[in-house]
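Read from first to last, the chains carry the letters A, B, C, D, E and F; within each, the first residue is number 1.
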Amino acid sequence: MSLFLIAALPFLGAIFPGLLIRAGRNASASAAGLASFLAFTGLMIHAPAVLRGEVVTARFDWLPGLGLNANFMLDGLGFLFATLILGIGMLIILYARFYLSRHDPMGQFYTYLLLFQGAMVGIVLSDNILLLLVFWELTSLSSFLLIGYWKHLPAGRQGARMALAVTGSGGLAMIAGMLILGHIVGSYDLSVILQNKEAIQASPWYLPALLLILLGCFTKSAQFPFHFWLPHAMAAPTPVSAYLHSATMVKAGIFLMARMWPVLAGTPEWFYIVATTGLVTMVVGAVIALFKDDLKALLAFSTVSHLGLITMLLGFGTKVAAVAAMFHIVNHATFKAALFMSAGIVDHETGTRDIKRLGGLRHLMPVTFGIATIAALSMAGIPPLNGFLSKEMMLEEAFHTTWLDSHIVIPGLAVFAALFSAAYSFRYISHVFLGPKRQDYPHPPHDPGPGLWLSPAILVFLVVIIGLNSATVAGPVVSASAQAVIGGELPYFKLKLWHGFTPALYMSIIAVLGGLLLLGLHRHLERVWNTLPRPEAKAIFDAVIDVLTRLSRAVTDGLHNGVISRYAAIMIAFTVGIGYYAYATGTTGLPTRVPLEAPIIPIIGWICLVGATLAIMWFHRNRLLSLVLIGVVGLIVSMAFNYLSAPDLALTQISVEVVTMILLLLSLNFMPTKTPVDSTTGRKLRDAAISIVAGLGAGGLIYALMVRDFAFPTISGYHLANSYKGGGGTNVVNVILVDFRGFDTFGEIIVLGIAALVIFALAESVLSSNVRAYLLNRKPHWPQSGDSHPMMMVVVTRVMMPIALMVGAYIFFRGHNQPGGGFIAGLVVAIAFLMQYMASGYTWTIERQRFYYHATIGWGVLIAAATGLGAWFNDMPFLTSDFGYLHWPPLEEFEWATAMLFDTGVFLAVLGAVLLALDSLSRFAWQPGIQQEYPMDINPQRDAPPVPGPGPDTVIAVGKET
Amino acid sequence: MMDYAIYFTFACFGAAVMMCLWRIITADGVGTRVLALDTMVINTIALMVLYGLLLGTEIFFEAAMIIAMLGFVSTVAYARFMLRGNIIE
Amino acid sequence: MEALFASAVGVLTAAGIFLILRRRTFPVILGLSLLTYAVNAFLFATGRLALNAPPVLNKYADVPYTDPLPQALVLTAIVISFGMTAVIVMIALGAYLSSKDDRIDMKAHDSVDAAPGEDV
Amino acid sequence: MNHWIIAPIVLPALLAPFIIMVLRYHLDLQRIFSVAGTVGLVGIALTLTAQAAGGEIQVYELGNWPAPFGIVLVLDRLSALMVLLTSLLALAVVLYAMGSGWDKRGRHFHPLFQFQLMGVCGAFLTGDAFNLFVFFEVLLIASYGLMIHGGGPVRFKAGVQYVTYNLLGSTLFLFALGTLYSVTGTLNMADLAVRVADLPTEDTALLRVGAVLLLLVFCIKAAVLPLHFWLPASYSLAPMPVAALFAIMTKVGAYSILRMYTLAFGPDVAITQGLAGDWLLPAALVTLAIGAVGILGTQHIARMVAFAAIASMGTLLIAVSLFTPQATAAALYYAVHSTLAAGLMFLIADLVIERQGGRIDGMTPMPQSGLIATLYFIGAIALAGMPPLSGFVGKLLVMDAARDAGDFSAIWAVILVSSFITIVGLARAGSLIFWQSHDARHNTEPDPENEDKVIHLPPPEPMPGLTFSAVFGLVAGLIGLTLFAGPLMEYTSSMAEQLYTPQHYVDAVLKGGEQ
Amino acid sequence: MTEFWEIVIAFFLIISGIFGFVGSFGMIKLKDPMSRLHAPTKATTLGVGGVLIASILHSLALEHRLSLHELLITLFLFLTAPVTALFIAKWHIHRHETPESLPDAGEDGKWATHAVPPEEDAPDQTAT
Amino acid sequence: MKLLRRVFPHPHLTILLTIVWVLLANAPSLNSVVFGLILGIVIPFITQPYWPDRPILRNWPMVVEYILVVLWDIVVANFTVARIILFKRDADRQPNWVCIPLELRSPEAITVLAGTITMTPGTVSCDLSAQGHNLLVHCLDAPDPDAVRDEIKHRYERRLKEIFE
């Protein structure tokens, strides 16, 4: 079976349990089991070859550009781990089927479990370190889901997050380490990397890479000081603990150390970092385990301790130690999984995992007792069980290892840890199963059905078989895997019970006897232990995360505090700074242009402009006054445009000015007319400083630009030359707008159209909310005068509006050749209608309105677009124009140009947009029942006699009068 | 001769514009300010026509005309705002 | 003339930015208008200043023309900023009317949860 | 004449007014046309991508005026891909907006949506600097309307801030364009490249100012610190489908940086040396860091996703700011990923907000929580750059590309530490939202203090099938991005190669010789 | 001949300058707001009018073409200035005058600006 | 006739607009007259809803006479007022309100009257009475308000009555 399929099967299998859960829990579990079984079978097909020392590979180029490829290989090491992962996985699936309660979503469980299984298989089969990283992080993610499976338990959530944070961060460090490694070697393929020991260890980046990769391994394998997450992960359902913390997740770190052993090990750095960490972890875990009352916590710390043991072995860097490590991996997986499962059975049956509440179960649960006892004795290192064998090997290796020239440290501490290990193992047996029967179990306990005990029983069987017959049962696998780790000639070793009276044997005896002694003294030791100050890892971790979160919150909220003026100030200051930097790092030439002289009129204009601008700043709290002053500025700016040969700009500016001012007045009607003092003097000074610097920047920049000639001929020379020839118009600005750069104009009218739409939509939204009630009941800023539609205004408008329309038409028609054009015409016409609005009021006017603003905008855009599209019929690009002349005797010739049609679109869009915007704003002031019957309030000619009340002739029918 | 007259008139209207600005800034009521702005607009129209006269061009005519038309609209809008609050009712 | 023009652009920019840094919507809008004047003038002047040389072709005489392109760009810019101003005026009004507060600043934790699609 | 090039602009530009005029009162018809238009856009984008894949750069001369005098649209691999990305995201968003009923919580959603697409596509396609400004404005003003769609005081206020900040940006854009025009006398990007290369030394200071101002404008769009302040509030307070669409807007900024700073002010151009490189990289690093910190530091899911968007822009810009073909290829891959991922996460945030409110404090269990939690998990994986999704691939690509940079260790450190903070933040939020809501303690004791804060939510979406298929579509996109990382990376490499040989672009636009 | 026309044109220009100046000067000099209102009419009529006439004469006499479009500006000003003045006067009446301070409005009782509809006792308009 | 009225709602306006167009075009060519006439017909047709009634000018010679009188008065008044502003001390001036009872009834006529008063320097039309029967005028310097009233009624209102009513 292809390695791809073996790696993919668990993932494919993950889909089904979730879907099949509707068909029942058995279906779901069977699907999960089947997937594991198929993968396991596939693995076993390769067993003969692998045990012969061959390496099975499968390669697929996923992302060759990066070197991230789906390359898999199966060697002895991978085979050992894959077998454990899949084999124990099947047992867990069986066990979980009976362990989980009716309320637990089992489909989800199996999905997560298989995802995790797939990730683990992926890690051990990867022949590409980037691919390995992918699976590595996947185990963090899937274990997060598994640990947090019981989402209603706070402990589960926190444990899951802690596990993710710790192992995930290690994984991130590993990314860096792996990238460095790949960089040194020039490939991310493991098989290549493993050939390059010399290059790697000679590289100056060896130590960083080593540290980063080990960080990943240590966090994953719960090595001190990252060991604290593991006990908290025990909040997960027991099948999860049994799986993750015996054979799989925590072994991933071990696996990787073993995997990289050929290229990373053998240096002093490796020895001191890895061996020391392993040693410390082994001791610390063992000591803590003895004092844990929670069965699973006890097992968790024992796991920490045993992982430390394996790590230490790998850290020794000797070949025999590596063999011992491999062997202990197998042994630990078997007895620890069995222990977790038996602890789960106890929990399941008695309702508690607290050792203090247990005891005397041997009579009530004999099967469980048998399983647990054998497994625990193996863990304690009692012959003839498998735990004894590998522990012997460990002690033997420890005895021969010196640490900083000391012959004592490692053997001493190893014995010390073994002693504690024996003690907690004995405690597990004696305090749970031995002793008198109790009356106060939460549930009356009895042995479960075979569904629950079958899995641990199989494992315990292995424990015994390996112990008794290690060379044949475990020998081939251990050899094959050790060979893969060592990468060369295997050292001489023999897996057997009796090696003679070796130092290890004495050390073992000391450990077992000492362990019994410790168990006897447990009560007293516990008292001492409880008085010792010991840092609670969870509290520290929580505090760190809490500080991190608070700090993040403080930084985030402090930085993004919603004060836009600060945002703007930062942006402006930054812009000026960067701009100045860019300027200062370049060179500037001397002025090349003779400046224009400044006669009196521009000087007066300048005085007025600057005076008005300063006055705006001074009086800006008086909003109406500042509007008036803005009008002055606008007037002078447009005069300046006029003066400086830009008549089109002047026309546009002044018309836009008026409409803008009307919009502002309309909105000011609903807003406060005064701005209160909000800023301190300090703030004002700061703002003034920023403003002045920015002003100097803008002014200085334009001055520097204006006094120099263009370095190249500008493209507008072409526009001047071709405006008439190619565009048919003499007003070059207009021809640019509707022809050369008509596409800009197309975008521009769309902007305007969108603006109107937005305004309309916003008005709808506001008016359909409860703002409406506020608007209806609001009082005006100040008392209103009578006579809202004075006769003179109305009469003058009757004449002015048609004339204004005429002017609009004129501006439109001449635009192509003289200052003007569709845009200005649109504004002028809009203002003409606005005049009518102001004269006779909104309701009266709107009733007589014959066109719809939405449609006007739409037509405008469509006509403009259609003009552009018309060119397609001649197979010319969008907006290609044409023009010509018509001759109707006796009239003179008329020019026609498709650009005029485009300009018509502009005209309509502008007209519609301005009117829609004004219309939307006007609706804010609308009051129900105001039906204005007449265009003017006072009209002595009117037939109807005046109604008493409101205005003489006004029919302001408010409320009841309608 | 004519040039001197033009410059004289320039000076007169220039001074007028500045007086209007002075009035806008210093007046105590908004009405006067609006009035001053309106006057300023009218003076500006004169200045523009004058400038066109000086240069012998008609290019400023449209601007002057549009300003004459639109100055009215904005003045009315200001006044309506002060009288009624709502300028389109 | 160039100095006058440049200093005017500078003053308009400075005043505009000063007002944009105020804390109510209305002065900010005024500031944006001033800044728009400034940038339009700036853009206009990138074609260099010229007197009595409007870019309207004269069929009868060979006269100088100023650079028409910046004028066209400024025209586009004026129109666009008009649309933008109209929109911001309107949103500011909507914000004021629905919260009775014309402060432009928000709180860091403001969220729309209280009433999606509704007003408080 | 290949008229397809302008189709992504003209189609929405015609569709929107059509909807306004004819279908103003018929929401169902609006929806049908809007979706049809978006599907059409996808089709057009696919056609364009196919046309561009060969490597030929096509130029569309609007009005039949030759470059640099008229405006040109330019189709190369990069612009084609960005248009395709836009259209795909848009399709998901429009389906979601319909399914969730967001499109009827205010007026004119669909026209504004179409106009937004027009603006974005135009920005990607244009070859003229001022026209780029115009399209920026089109997409901005449409975004203003979409951002405040649905109304409400807080949203309006955020809208004011958003518009204000962007108006400053638009102003800056004009300052930059004016300066560049004034120095070089042209607006066409290709012509600009030619002229910048020949610029006399006395004008370099002014040109540098113009170039750097332009860069700042794009950095505002791309939300680079310290110019990112507009983003958190506007994205988190916009309707979530709209925020999802906005995921493409930041990419417009990144695209523009890449375009201008490879074409005209490229790494080989002496005059503009050091303008982008010197500070953009540190700024991008800080952006990433602040984005990550924001993810952990917020209490609202929408705001969290907004910060995630900032963080992803940080990563993207790290790659951009290296200005090497390899890094650019990585950046482009990451851009596609982060657009889809951020879009996805905003939609998921909406699913959550509509059912539970957006505060990250696990109030009550929500309907369909299992499915949504799964989706959230997927989205979080994508955003955090965890395997197996494309975020991880992208992150690896960026880190790998940074390897040759002098300060690669700093880059790696920031990326990895930020990833860690992101993971912690997303995990925290997810476990509070989806898990803690099941906590017995929370369900049994009603909190009297929060009684008045009870959130009254509208009924969940009227067409859940549509919303979920939109979300699934984006998930599928991310998966596809991961599976086909190899070919995609090849394609982005070819895009980068095209970008770093600007002469082809210049030749195509200017037909080999200027004037 | 040209010189004669130049003198005529100069005359009109000077007249207009003086009246333009006086108009704005009045606004500075006159103290009460109502009186200030009289000032701009000078700028509007003879001020601008003079320039316009000068412009018409200039094109007619010196450039020998008929250009009357300046008349349009006059037309606009004559149409609009009274309305402007009326509004500002109404503002003044509204703010600074009372019915008592003004002359009697005859049979109509009040001047229109003061003829405000009586305050309704806040009808609840939200209901409608 | 009805059709004609609908097509030409305001014939005077049509004429005025045509003139405006010709002035705008600044070239009294056939082209501009024809074009102006077309617009002069189209535009009143569009704006007709806003000008529902149809005022009639009865006495054309009087229109000319009125215009001449007003222009003359404007010139004279300008000088008078300039003297007041420049040379009269503010304290010596006697500003005054004048109430002018109106015989005119047509809004157009009243508007023309009020406009005339405003455009002649020295007087400004300030308000109408509540039902439009009196006009309030402010005088810059009027020691004798009644004289002002009589002159206005005599010089302007009388002529306007002949024109409009």
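For this structure, a couple of remarks:
One rule holds in what follows: contacts are C-beta pairs under 8 Å (C-beta built on N, C-alpha and C of every residue); 3 or more make two chains touch, one makes a residue touch a chain.
Remember, it's a predicted structure, so these values are computed and weren't measured experimentally.
Chains making contact with chain B as well as with chain F: A, E. When each chain is reduced to the mean of its CA atoms, the one lying nearest the mean of all protein CA atoms is D. Distances between chain centres, each the mean of the C-alpha atoms, put A farthest from chain F.
Farthest chain from chain E, judged by C-alpha centroids: A.
Between the interfaces B-C and A-F, more contacting C-beta pairs are found at A-F. Rounded to whole angstrom units, the spacing between the C-alpha centres of chain A and chain E is 66. Measuring from the averaged C-alpha position of chain B to that of chain D gives a distance of 48 Å.
The distance from the centre of chain A to the centre of chain D, with each centre set as the mean of the Cα atoms, comes to 14 Å. Look at where the CA atoms of chain C average out and do the same for chain D: the two points lie 26 Å apart. Within chain C, the positions touching two or more other chains are listed as 20, 25, 28, 40, 42, 45-47, 52, 54, 56, 69, 73, 76, 80, 83-84, 87, 91-92, 94, 98, 104, 106, 109-110, 118-119.
Chain D has residues 106, 130, 134, 137, 141, 144-145, 148, 150-152, 156, 161, 164, 168, 175, 178-179, 181-182, 187, 233, 299 in contact with two or more other chains. Counting only residues that touch two or more partner chains, chain E has 18, 25, 37, 39, 44, 67, 69, 72, 75-76, 79-83, 86-87, 90-94, 108, 110, 112-113, 115. Chain contact summary for the complex, chain A toward chain E: residues 772-773, 776-777, 783-787, 790, 792-793, 796, 799-800, 803, 927-929, 937-938, 949-952, 954, 956, 958-960. Chain contact summary for the complex, chain C toward chain A: residues 1-15, 17-30, 33-34, 37-38, 40-42, 44-59, 65-69, 71-76, 78-80, 82-87, 89-94, 96-98, 100, 102-110, 118-119.
Partner chain B is touched in their complex by these residues of chain C: 52, 54, 56. On chain B, the positions that touch chain A within their shared complex are 10-11, 14, 17-18, 21, 24-25, 30, 33-34, 37, 40-41, 44, 47-48, 51, 59-60, 62-63, 65-67, 69-70, 72-74, 76-78, 80-89.
Across the complex, chain C meets chain D through its residues 20, 25, 28, 32, 35-36, 39-40, 42-43, 45-47, 69-70, 73, 76-77, 80-81, 83-84, 87-88, 91-92, 94-95, 98-99, 104, 106, 109-120.
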